[in-house]
Amino acid sequence: MMSKLTIDAARTIIRETLAKAHDMGLKPMSVIVLDAGGHPLAFEREDGAAPGRYAIAEGKAYGAVMLGMPGSAQMARAEAQHYFMTAANGAFGGKVVPVPGGVILRGDDGEILGGVGVTGDTSDNDAEAALAGIAAAGLKGDA
Amino acid sequence: MMSKLTIDAARTIIRETLAKAHDMGLKPMSVIVLDAGGHPLAFEREDGAAPGRYAIAEGKAYGAVMLGMPGSAQMARAEAQHYFMTAANGAFGGKVVPVPGGVILRGDDGEILGGVGVTGDTSDNDAEAALAGIAAAGLKGDA
Amino acid sequence: MMSKLTIDAARTIIRETLAKAHDMGLKPMSVIVLDAGGHPLAFEREDGAAPGRYAIAEGKAYGAVMLGMPGSAQMARAEAQHYFMTAANGAFGGKVVPVPGGVILRGDDGEILGGVGVTGDTSDNDAEAALAGIAAAGLKGDA
Amino acid sequence: MMSKLTIDAARTIIRETLAKAHDMGLKPMSVIVLDAGGHPLAFEREDGAAPGRYAIAEGKAYGAVMLGMPGSAQMARAEAQHYFMTAANGAFGGKVVPVPGGVILRGDDGEILGGVGVTGDTSDNDAEAALAGIAAAGLKGDA
């Protein structure tokens, strides 16, 4: 059992997420890996990605970790009850971006090890690349 | 007559809210008790609850105390007039989460003694657990 | 080995820190326990403590966890190089209070499990009570 | 002539800065590379580094890029005129950490390509490791 996310795992997730994005022919991507407390372990932004992509990647991953809800569930909640996600975002200093591409990282027992945030293409493509990267690192992703 | 909330009452509210949540089979819960000024008296987050649950619990209780409106009334207002709750939230630094689970604590004469915020399961289940905890402390809850 | 701080350990730390403070005849106290990500697990503020004590307790514990430096080391750095601690505080949203009473919680292997923040009396008395509470929970404190 | 920092160069800087830190026997390190607009290109935090090290690393690099002053010059200014650096920091949202370890990245003609922020050991050791990583990437560092 892996009880704490390591920098080696984070590097693998980023490398393999980008490799998958290249295979899929996606636009330039940005990928962040946060620990179980929502704090950055590793980040990369590819050449050609817009300068603000750090904040979007972080916001996707941060919401997933802090709320314990993946991006798809946050988006569903935002569509059903937008004022709740707006308010939750205020409570987190505006750092939550509630769309797919924010993925919860889980260990063997389902415990939350951290989160991954991917941005650059459509939200669904972002999430697909993230899940491939997470699987390549031997972890479970909840997108 | 009880004119001011005590730490002993706050402890009872938290313990009994969690006991009720366990009886109901709810997810891991977080419970906060605020005083009449909206300031924290006591808080607990159960094992397995997401790390951001403090801010959600506080936001539910804070809105109840500061606006003098329980979570259900805040939600009704948000649904009828979302820009009002968004604006009110701006005025309160983004700390208000306008959904059930934010409960006003009242004394014998109806005076506001503080607020309770509960989060972890559905908003309605959160509120039901809070009311049980408040009743067990001999106080009145306005959910 | 305890790899993650539990709510039961947090409750013990708070109860025993307050018991020690009572034995020492200290003023009304506030105690917070944060997890390894700097997020609140449990908090209590005793009757008679000022309403702003949550933020002071959190600020002491938050700096300890986020910087990996106990309150005494933060204070020494602030006295030697005040602009560094001012800047670090800006980087953490103003949430760091760099004085004794902010204690790092460590496990058997020295890993950081979280932090404790105590406020109410002199900073040195705050730290002494915290260390007693931490020891009673079978953990190591770095004050 | 290299007119824009690439993600490949950023990866090399991080890898070689960490290699140098290992050679020097430093504590667990965190390294960020910002582009010429002060926006993150890549970041890594080693196992054992405190969770708040992202903000410190970013603050060192951000000040270097945004002010066009390396960390050592910022520290000298802070010691001579602390209110200036405090005010500058206010203007930059509190994101500047004015100590060594914040290094300006320059191209062949002296143009600013970005910045590197390193934190984990003493500020001087942080800067030494950064300069080695930058040199390994074939760039010039102004520490």
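We just call them A, B, C and D in the order they show up, numbering each chain from 1.
Here is the rule we go by: contacts are C-beta pairs under 8 Å (C-beta built on N, C-alpha and C of every residue); 3 or more make two chains touch, one makes a residue touch a chain.
Listed by chain with UniProt protein names: A, B, C, D = Glcg protein.
No experiment lies behind these values; they were computed from the predicted model shown.
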Same vs different contact residues, subunit C with subunit D, by half of numbers used | different
Report the inter-chain centroid distance for subunit B and subunit C in whole angstrom, where each centroid is the mean of the CA atoms.
-> 25
In whole angstrom, what separates the CA-based centres of subunit C and subunit D?
-> 30
Length of the line joining the C-alpha centres of subunit B and subunit D, rounded to whole Å | 44
In subunit D, what residues contact two or more other chains?
-> 51-52
Line, ring, star, complete or other: which one describes how these chains touch?
-> other
So which chains end up touching which?
-> A-B, A-C, A-D, B-C, C-D
Please give the residue numbers of subunit A that touch subunit B in the complex, ascending.
-> 36-38, 65-69, 81-84, 86-94, 112
Subunit D contact footprint on subunit A (complex, rising order) | 6-7, 10-11, 35, 37, 39-47, 51-52, 54
Seen from subunit B, its contact residues with subunit A in the complex are 49-52, 55-56, 58-59, 78-79, 82, 85-86, 89, 93-99
Contact footprint of subunit A on subunit C as seen in their complex = 3-4, 35-39, 93
